[in-house]
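You will see chain A twice below: alongside chain B first, and alongside chain C after that.
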Partner chain A sequence: MTRTRQAIQGLLLFLPAFIVIFGFIFFPVGYSFWLSLTNKHAVFPHYEYVGFQNYAWMASEQDYWLSLWRGVIFSVGSIFFQVLLGLLAALLLNEAFFGRGLVRGIALFPYMLPTIVVILLWKWLLSASYGPVNYVLQALGLIQAPVVWLGEELLMASTIFVAVWQFFPFVVISLLARLQTIDLQLYEAAAIDGANAWKRFRYITLPALRYVLFVVILLRTFFMFTKFDVPWLMATGGGLQVLVQNLPVYAFRRTFRFMQAGEGAAVSVSLFLLLIVLSVVYFRTYRREAGS
Partner chain B sequence: MTGMHSISRRGFLKGVAAAAGAGLGPAILTRSAQAQTRTLQIWHTEASDISVKAVQKVCDRFEQMHPGAKANQQGIAWADLGPKLYTALAAGTPPDIAHLNCYHFRSFQKQGAIVPIDDVYRAIGLNDVVESVRDMTLFQGKRWGISHHVGAPALMIRKDIAEQAGFKVPDDISKPMFPTWKEQLEYLKAVSKPDKRQWGMSLPGTGYFLQEHLGRWVGSNGGTFYDEKWNPAFHKEPFIQTLEFVKALSDNKVVPPDWLSQSWLGMIVEFSTGITTMIDHGYGRIAGSIEKYAPDKASEEYFMPIWRPVGPSGKIPYTDMDAEIWVIFSKSKLRDLAKEWLKLFYTRDMYLNYVRQYPVHMPPILKSLRKDPEYQALPELKKWRNWVRMQEINIDRGLAIPVGVYYPATNIQIPFLAEVFDSGIIADEIVGFVQGRRKGKEAAQRITDRANDLIKKLGYPVPDPIRSEKKL
Partner chain C sequence: MNLRRISYTGSLYLGSAALVILCGVPLLWMLFTSLKPPQDLFAYPPRIFGRYTLANFHRLISETDFVTYLKNSIVVAGVTVLLDIVVATLGAYSLTRYRYRGKELLANMTLFTYMFAPIMIIVPIYVLLKELNLTNSHLGMILAYTSISLPFTLWLLRAFFQSFPVDLEQAAFIDGANRFQSLIYVVIPQALPGIIATSVFAFVVVWNDYLFARILLNDPMLQTMPVGLQDIYESTIVDWGLLMSGAVIVTIPAVIFFLIVQRYLIQGWGMGAVKG
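Let's look at the complex of A and B:
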């Protein structure tokens, strides 16, 4: 077989992967960037090239910075509690007790539910006018008047709570898988050496989990920063939306509410770049830590 | 490799090509078959099972009448139609026929996305169409859409709760129970008992519905969203007073404390189950919810429409006109067939079968059907007599203006209504004001400024965007 023929065959074999990667990754990202340089209407075809005008608009727009800030609060808050709760649940579910299999199944349940179901469920439970949570708290005499869980003051906290409830099982699955592979002899040896439970956790469990935690936190960061459905549905695209509006929701509103696809694309590109920078910083920090 | 069947590279590539062919083949054949059978795609917002069945009946009859033609309908939840339609339009693949909100029509018309349908009107009888919707989409001498029904939301009250609190609900629905918002607020304070989980009134937090409420109240306060030169008029006194009314409802705790997160359905459940005593969102469809959630109280002994009060600057109480329109898209290759489908939809038996699914919610647009004995004999129309009557009064007296248009009805010709209304700017600022983050005047001015900014971005001159149409 000639070298040319080999090269052609090689290219042909490479082609499907190239089409998939180019078509599903590079093209949409590139098209988004191109859109962000136009004043494209979201629905109608006409547009003009406007250079970096949308980025200049974005930088001067208070709502953009507020959305970024609220996105940070939502993401950091929900990731922190997902990891904390996930870790505690994984440690618990790693212990031997009667009915462990059943409890493990139930613990994964929230993650298996569609987000719309989760939100409708919690909005109903937390409603101030007809929600069972307030009803029970009132019946127990713990509160005098209904707590406005979905009002101005607590909406962000409620949104974080719902996100934690739905997504902490992801952390549980990941950590539990690693916990089950830690050599039990390490614990036995540590116990003989006089290490208490905290020390065993601090010096055996936690180091064993660090690689998994690294990946989990990285993935959850991507997932939560780009989360659209939870903040959107919690406020139903309504009056209080602005209080839980992160960048994906803001990009959606600029695109499909204001019909400014160019501006929406600029917001999306900024989020994309932000996540890339975050990932690079995170990776570098981790490598430095791992190296030391 | 032992024990394994070896395969040559050429064989592998052949296999891949065959698999791809097998995968794509049926898709290509299906597309080709669809092209030959001429398939109409119809999207509508009446997604309930019974309405879908009624529309299917039209499709079945259509296919019998037009051999070789198919009609595929999709009932899409009301809130999902917009995004789905926008996505399809952006991709250049809209359906042939779809429902649009009335206030969308000029944006779509201006962009050349829809075609005139005068021959549909001629076929069903122009003079048989109720005046309020007949000329609604009349622009440049052509009609661009036709309503599938014409309703109007009423201000509804829990009569039993009002009477227990010592208030008389008028039997004559055109006599006001409260002349102005002031008296209405006093009533709401009197019946609100938060410790017993009872509030005076339901309000929706969902942006669209919140804006809808505000729009009809601005109209009832002598105001408008746009002046005669199409400039945003949100910063004017009637609008500011309306904002203050919303804030007063919230501050006086006569609405549930989490109303800003309340959905359309949640609001209806509140009202149906007696958690709230009043709702200014009495679309006829709610009759069904009342029958579902409070079957023992499903009558006008408990749920009565009342005449809408006016604001401090208003004289005439306005409401919305609920009358989404069918349109045919210019991208459709089957426009003539699409028109035939619409003509069939409005034939007496088909249309009666359609409106009877929700008779209180869907008053017909055809005068002849309104007088039809079979239509008039529908039990729901008797059971909710005043509710139907209230809609008729509002529509016949010209007090119902299409949703999102506020006011006058001719403002429907403004070509950027859809973008400003759908942007949610108005809802954002209402919330900012209600939460005390801004003063009323400041919030109102911000709506005007933000609307102007958007109008400019859409390519219309500011001020006086009407100049963009002067050449017409």
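Let's look at the complex of A and C:
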């Protein structure tokens, strides 16, 4: 087969995928940029170009900044604990012991559950008056009276907890894969040289995990900052939505509750630009540290 | 066995117990709640053991539209996966077995889509589908779902196709097979475990989605399970027995998925391609 024919055939085979990815991802994203410059209503087709008016509106809106801030708290809080818990669990599950396979299976399972199931389950577990969590904590003497986990004060903390529960297995899966490839002879040699467990972790395990941790934190950042369903479902039906409202939820409400698709698009675009800036800074920092 | 050894083993089992309680007990609670008669539900102290019944499941089927949601979910997720896998298999084959300019760019482009918030993609898709009169239809949903699942199915299948040697294929060429025959008779059978795992994966992602279904569908009779379950939660006095029996049913595909792909997951298969 000639080179040109080969190239043409290859491109043809990729064409359907290209059409889907361009038509349904890149084109909508581009269209989103355009919508953010218009006063498009969510339902009616007619609209006009309004320049940067939506962005000016957004910058002056207190709700926007509040949603940005709450999104940061939700993301940073949940990423930190996901990575911490995920790292500890991965180190544990990498050791050899009887029953490891079963524990691994159970620990990874929350990640497979539909978000709606996770949320309903935890709303039930955490419910103030009949919830088993309050019962157990009271029986253990850790709290005196039932705690309102899903009330005004603790809703954000509970939402972060639920997100950590659902997504820490992602960290476990990723880190376990790397841990399994570390050469065991390294540990043996270090032990012979008199390195204790902490030193072996610090100088063998941690450096080996460095790159994977970098990628995992990057991906978790994308996923947590753009998370819609967890904060949305945790607060619906309670009138407390605003307490855990991040930018995706805010964009959704501007678009489909206030019917301002242009404004909603501007909010989404700002989130996208924020993520680009974040990842550039992150890459740079990593490269500098890796270089030194 | 010295003291150190004992404390090491002890801490392993202590940690394991903590993980099992954290992840396993809530799931058992879900299962037991779904099987309890309503009058036992609010027993205080909460009881795990006691009388069991399938009454909640029965009510779920007879008193709510759950069966309709279930059917819709199966149709939408099933058709999406079929479409998705055909397109992704061709694409991945192209990326791993052909040489042309811009190939790396195309591969990286698929990964780049992770940067886009789903909400950023769905608003314009909603506007576009509205103009095409495809909102409130399963066809529109299938198209939208194919687009969100394709990047990572493509990425996973590419990893699979890369992982086995081209020798067999070359042998097939020498025997006079053309590209198409080699794809059907040599490559796909070899990649079949990967294709199955990837399909199940895509199925679960679509099955679990809440956002797209919430936005693209208004008609309750077309709705899929996650939104349906949320609607049952919002429209009734909270009835945990009923809700947990629904949750158990929605979870079944995840269990099946898990049994199929657990081996690959632990090996770190497609690391980073996992979405969510």
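The criterion applied here is as follows: the second predicted complex is superposed on the first by the 262 of 292 C-alpha atoms of A that agree within 3 Å, B and C clash if a C-alpha of one lies under 4 Å from a C-alpha of the other, contacts with A are read in each partner's own complex, and residues count from 1 in each chain.
Please note the rule applied: contacts are C-beta pairs under 8 Å (C-beta built on N, C-alpha and C of every residue); 3 or more make two chains touch, one makes a residue touch a chain.
Quick caveat, the model's predicted, so the values are computed rather than measured.
Student: Quick one: chain B and chain C on chain A, clash or fit?
Tutor: Superposition check on chain A flags a clash between chain B and chain C.
Student: Which of the two partners, first being chain B and second being chain C, lies in contact with A:241: first, second, both, or neither?
Tutor: Only chain B; A:241 stays clear of chain C.
Student: Classify the contacts of A:105 with the two partner chains as first (chain B alone), second (chain C alone), both, or neither.
Tutor: The answer is second: A:105 touches chain C but not chain B.
Student: Just chain B (first), just chain C (second), both, or neither: which does A:31 touch?
Tutor: second
Student: Check the contacts made with chain A and report whether chain B or chain C touches more of its residues.
Tutor: C
Student: Now for A:259: first (chain B), second (chain C), both, or neither, which partner does it touch?
Tutor: After superposing on A, A:259 lies in contact with chain B but is clear of chain C.
Student: Looking at A:251 after the superposition, I want to know if it touches chain B, chain C, both of them or none. Which is it: first, second, both, neither?
Tutor: second
Student: What is the contact status of A:21 with respect to chain B (first) and chain C (second): first, second, both, or neither?
Tutor: Touch status of A:21: second partner only.
Student: Of the partners chain B and chain C, which touch A:228 in the superposed model: first, second, both, neither?
Tutor: second
Student: May I ask you to decide whether A:77 touches chain B, chain C, both, or neither, giving the answer as first, second, both or neither?
Tutor: neither
Student: Looking at the overlay, which bit of chain B runs into chain C, 20-28, 74-82 or 236-244?
Tutor: Of the candidate stretches of chain B, chain C runs into 74-82.
Student: Kindly list the residues of chain A that each of chain B and chain C touches, one partner per complex.
Tutor: Shared contact residues on chain A: 9, 12, 16, 42-43, 45, 130, 236-237, 256, 261.
Student: How about chain C: which of its residues touch chain A in the complex?
Tutor: It comes out as residues 9, 12-13, 15-16, 19-20, 22-24, 26-27, 29-30, 33, 41-42, 44-46, 86-88, 90-91, 93-95, 97-101, 103, 106, 109-110, 113-121, 123-128, 130-131, 143-144, 146-148, 150-151, 154, 179, 204, 207-208, 210-211, 215, 225-227, 229-230, 233-234, 240, 243-244, 247, 250-251, 254-255, 257-258, 262, 265-269, 271-272, 274-276.
Student: Which stretch or stretches of chain A touch chain B in the complex?
Tutor: 9, 12, 16, 39, 41-46, 123, 127-130, 144-146, 148-152, 155, 234-242, 253, 256-261
Student: Okay, in this complex, where on chain A does chain C touch?
Tutor: 3, 6-7, 9-14, 16-18, 20-21, 23-29, 31-32, 35, 40, 42-43, 45, 88-89, 92, 95, 97, 99-100, 103-117, 120-122, 124-125, 130, 132, 135, 139, 165, 167, 170, 173-174, 176-178, 180, 212, 215-216, 219, 222-223, 225-226, 228-229, 232-233, 236-237, 248, 251-252, 255-256, 261, 264-265, 268-269, 271-272, 275-276, 279
Student: Considering the complex alone, what residue numbers of chain B touch chain A?
Tutor: It is residues 9, 13, 16, 82-83, 86, 89-90, 92, 111, 113, 194-195, 197, 199, 204-208, 210, 256-258, 260-263, 266, 269-270, 273, 275-276, 418-419, 422-424, 427-428, 430-432, 434-435, 454, 457-458 of chain B that touch chain A.
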